[in-house]
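Next up, some structures in structure tokens.
Each of the two complexes below includes chain A, the first together with chain B, the second together with chain C.
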Partner chain A sequence: MATVQSKQVSARIGGFFFVLPSILAIAIFVYGMIAYTFNVSLTNRNSASVKDIKHVGFKNYTELFADERFIHALGNLLKFTGVFLVGTLLSGFIMALLLEKGVAGEGLFRSFYLYPMAISFIAMGTVWRWLLNSSRDGDAGGLNLVLQKIGLGFLQNDWYLSPRGAMFAMAVPAIWQMSGYVMALFLAGFRGIPDDLREAARVDGASEFKIYRHVLFPQLSPTFLTVLIILGHISMKVFDLIIGISGKSYVTDVLAVYMWQVTFDITNFAKGASIAMIILFLVAIVVIPYLSHVNKTEREN
Partner chain B sequence: MSADIVDRITHSTAPKKNRRQLSGVAQFWLIFRYISLTIILAMVILPIYVLVVNSFKGISGVYLNTAFELPKTLNFETWSAAWDWLAVPMGRTLLFVTQSSIISALIGSINGYVLSKWRFAGSNAVFMLFLFGMFIPYQAIMIPLTQFNKLVGLTGSIYVLVLAHVVYGIPICTLIFRNYYASIPDEIIEAGRVDGASMVRIYRAIILPLSIPAFVVVLIWQFTSAWNDFLFAIFLTGGSPKLAVATTALNWLTGSSNQVYYGKNMTASLMASIPTLLVYMFLGRYFLRGLLSGSLKG
Partner chain C sequence: MRKSSYRVAAGLAVIALLAAGCSSDKAAEDTAATEETVAADPQLEIFTWWSSGGEALGLAGMESVFKTNNADTEYVNASIAGGAGVNAKAVLTSRLEANDPPDSFQAHAGMELDGYVKSGKLEDLTDLYKSEGWDTIFPADLIKTLTVDGKIYSVPVNIHRANVLWWNPATATKAGITAAPATLDEFFADLEKFKKAGITGLALAGNGDWAIAHLMDYILLASLGSDSYEGLFKGTTSWTGPEVAAALKNFQKALSYGNKGAGNLDWPDAGKLVTSGKAGFFIMGDWASAQWQSEGLVLGTDYTWAPAPGTVGVYQWLSDSFTLPIGAKHRNAGLAWLKVCGSKEGQDAFNPKKGSISARTDSDPSVYDDYLKAAMEMWKTDRLVGSTVHGVNGNNALMAAYNTAVGKYFSGGFKDNAGLAKDLDAAYMAGQA
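Moving on to the complex of A and B:
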């Protein structure tokens, strides 16, 4: 017995050694580098030429919150997140609702609804820049032309060139890309509900509408939460989409784009690091509660 | 326990009833559903439709107000122009993406095996710390990462991207393999162990041959995300044309200064998307599995 046990113990230690390279890599490249970035954010490295590097406390952060550009980018990000979350949730949910009972050709619909996830926004930016073109009426192309054709001409607008509506316009391609993903998650949710529940309600004489409202929808609340968290953390990091469509333009500035400009165009590392830490903070408040929830349910199983 | 998440999604319960047997109300809803699904389909296809039709209109035949119209003749001018611009960057991308995907898959497989079948004290905590790495905004590591690359002499080589995609791919690859191996019964491992096989031997003889589906998922996931990546590419290759990859080359082409060549831009965008679209078309099911593992469910 003793030999078997010692063999198992050595196997477990062996297992640890096989994972050790990855543990070290994550420790250095994720946690170590986050700590390094945080440290940079507390220094005076405000240009590449600073020789006498010293700590300045949270000065960079307080300056950020007095920086009009930063506040503008943060406001844009929150606006974008709001529209993107609501729009993607709704459209993905509707897609799932339409498909959930099964229709002929379902596979085809599903595949097409999901293809945007396979393409980069740098590529799709070219065409979205066209679709979201601001010319109207006689000169119209893109969505403005579509709106005219279907009799909704009064909805034509400047899209991402409009100072007030820019972030709403930016959410359109984002919703286009992520809706299929949300559909897939909700579809999995719907189909994970045992058929007996539906049947039982039907036998009790509940109408279809009531079955959805009182039996099926409540079962989807875990899926709803997952979707919200996935979309939330993606939204905080939005970068390619903005660069692909409007580049570094002021009206559509968000934190990730501002961070890039500050760090690489004007080599203000301390300020760039501070913006990066704020994005990390926004992501962490969304993701950490979720991870601890996942961890708890895993242990229960 | 419900079946695997992708099976659940693709398990279509297509209506078995004949349409004639449906009541009037049910028939109405069925038609309503088809019309709605088709309208949504049109909206989803619209952007790629515009790319495709405009890629055949020639260098100077593309105009905003006729963007939705089919080309009158098939003109391949823009395809050869776009190819001249993208051939080298796309070749470079293919080269580095292949390497990073294979290395990522091997690492993920070993980690997943140990973390699901040979747990050690604290292995759960290790896994959770890995997972957080999957969600971080990469801006938070970009400054030290560029300095690290300079320090070890990687700057100026395409291996900066191999390193980045391998290291930051560890969480998702480990997760996919761990979930996959969790579905393999422990008894198989147990049986191997009783026969005196070592951990490594069990892996090579039993686990690895069973791992092909998970390898496909991880390989195409890593392939797609590295191919489409722009953030690492723009930060780590610092805009050097010598290191242009598909996304950065495309961005320089289509960036605001170059907007006159609409036709070429459209075609180049389509061309750069073809590899990942092909993967999606032929291996969509595996792609979906990778995509859904990011939600940590199933």
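Moving on to the complex of A and C:
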């Protein structure tokens, strides 16, 4: 008995030392940096105009919420997130549903849909910048030209240059890229449901629709949540896609781009740090409930 | 157990190394800052984002002049290969914040340096100007603009002109335009002629907002005149007054002759509209000429130029310059580099390739092309006014807000003139904070 216990203890200590380097690294380079950034955000550190750095409380934050461009960027980000989440979930889910039945050449389709994920946002942004060209009719290129050729010319539009629809257009490439990944997750979810359940439902006389509606879909809700979290935090941090497509244009401004500009172009570090903290906060709203949920279910198991 | 202790040891070693690295860097800086070494420095580290085309060729020209004069010093260009100015600027900012500056770095001359000056990052170069005779060889207007509280912090290597009108002679003939418009009224009359001929009047590039702001900056200058325009940045001309309102009306009118889908285009794309005959006029800095020549186009036949209408006799300039950061590890090498930057030899090696003129009034015209030769003459006699979008009149905060205001106005369909005036006023205030 005693030897078993001491073995367990030594294993635990060994385990602790095993993870210590990564704990230290994370403590310094993640949490330490967060604390540092937060501290900077409470000062007036601004290389463009200030020599004596001192703490100013939450002044930067209150100023941000009075800053019209910040509000504009925040609004854009929320619009983008909404369209991106709904679009990606829908298209990914539908693709998974279609493949779930086991069509011929499923493997081919799967990799086909997944490939966009392999492209970096910045490279994709460059290509989509051409595709989303707003010229029409005679001068049209990209998607507008495609729409013309297939007889849907009336659908030609300004894409990301339209002040209202800009973020909808911006979400298109993001949806295109991520929906294959979402499909794969949902497909795995479907495959994780034992066939016995379907059999049992069929024996009970349920229609195919009812089997999906009442037997399969409810079991996918953990997958659904996972997908939502993954997409949500990607969306809140979006930077390279926007830079790749429209540079630092006002019309498609989002928080990360504004943060970059405030920090490196204007060298107002305190304000940049405040925007960074707000982005972190937005991501945290999405991720923390999920993490605590996962922790709880793991403990229950 | 064994494995884990290795890991710990390795982790601790890494941290120790990092700590050691930081502290030794600091020590090195301290000695460099205080010691005045007489011997030649072993190395010169400069930081620029000129990495391709004429810019890189021009820089190579200056590099070879430097190497001839300083054979014992190794020349290191620390710029990030492949990275545009955007990326390089972020790296530079981080290094300056960490008190690890290069020996000299590139920045626009004028108020763009304001932040570096206020935060105490740059050495005063006034004595260098005196010992090299630059205070008399650079135009007096330029020296006046470069001087902040009696001190000068950078050495301009070139001068670009922002207020230039470009067009394709064949397109102009098609529209029945025979002479360059000299005033804004003639400009608008010609734009109307292009429109009647079924040609887009004005080529616009909206991607990133700055090229539209560049156009507005010129129209403000043309409408207000040099003194009132300069007053905008000194607080003596009101941004929300009737003068600016009239200027913004001109701006609005000019935009209405622009190409569709301008927001997708960078300036070289808009330039192509002009050279390929799809658009009439183009307001852009004289780097457009260098770009087109690199595409094989010929000045005079494929494209031609005039001072932008309403600003004849006014040279709206911008300038790339080099600085001497405080705490540079090789201060003497940095000084030697600046001497090359300001010299006739260095500037005449750099500028013909970059497509700009020398800031000096005594450079050799024979190595420059016809446009640049004409520009050199005007540089000596014209009234000199700085460009806002390119860093002369306002600091980075002002510039960013200036571009944002224009981007907002333009993407909103250029309707809200009063809103633009208000945003521009706020941009000016942002620069004063």
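To be clear about the criterion, the second predicted complex is superposed on the first by the 289 of 301 C-alpha atoms of A that agree within 3 Å, B and C clash if a C-alpha of one lies under 4 Å from a C-alpha of the other, contacts with A are read in each partner's own complex, and residues count from 1 in each chain.
As a convention for this text, a residue touches a chain if its C-beta (ideal position, glycine included) is under 8 Å from a C-beta of that chain, and two chains touch if they have at least 3 such contacts.
Small disclaimer: the values here were computed from a predicted structure and weren't measured.
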Contacts of A:I71 with chain B and chain C, given as first, second, both or neither: neither
If touched residues of chain A are counted for chain B and for chain C, the larger one: B
Chain B versus chain C as contact partner of A:L152, first or second or both or neither: neither
Partner chain(s) touched by A:F18 [first = chain B, second = chain C, both, neither]: both
Touching partner for A:A200 - first (chain B), second (chain C), both, neither: neither
First, second, both or neither for A:Q261, with chain B first and chain C second: second
Chain B versus chain C as contact partner of A:G247, first or second or both or neither: both
Contacts of A:D139 with chain B and chain C, given as first, second, both or neither: both
First (chain B), second (chain C), both or neither touched by A:S47: second
Contacts of A:F109 with chain B and chain C, given as first, second, both or neither: first
Overlapping contact positions on chain A, where the chain C interface meets the chain B interface: 14-15, 18, 21, 25, 133, 135, 139, 247, 260, 263-264, 269
Parts of chain C lying in touch with chain A, wherever the complex brings them together: 1, 3-5, 7-8, 10-11, 15, 86, 89-90, 93, 96-97, 114-116, 118-121, 206-209, 260-261, 263-264, 395-397, 399-400, 403-404, 407-408, 411-413, 433
Chain A to chain B touching residues, read off their complex: 8, 11-16, 18-19, 21-23, 25-26, 29-34, 36-37, 40, 91, 94-95, 98-99, 101-104, 106-107, 109-128, 130-131, 133, 135, 139-142, 145-146, 173, 176, 179-181, 184-185, 187-188, 191-192, 226, 230, 233, 236-237, 239-240, 243-244, 247, 256, 259-260, 263-264, 269, 272-273, 275-277, 279-280, 283, 287-288, 290-291, 294-295, 298-299
Touching residues (chain side chain B, partner chain A) in the complex: 2, 5, 8-15, 30, 33-34, 36-37, 40-41, 43-48, 50-51, 63-68, 107, 110-111, 113-115, 118-120, 123-124, 126, 128-133, 135-137, 139-145, 148, 167-168, 170-171, 174, 193, 198-200, 224, 227-231, 234-235, 238, 247, 250-251, 254-256, 262, 265-266, 268-270, 272-273, 276-277, 279-280, 284, 287-288, 291-292, 294-298
Of all residues in chain A, those that touch chain C in their complex: 10, 14-15, 17-18, 20-21, 24-25, 47-51, 69, 72, 129, 132-136, 139, 158, 160-161, 163, 166, 246-251, 260-269
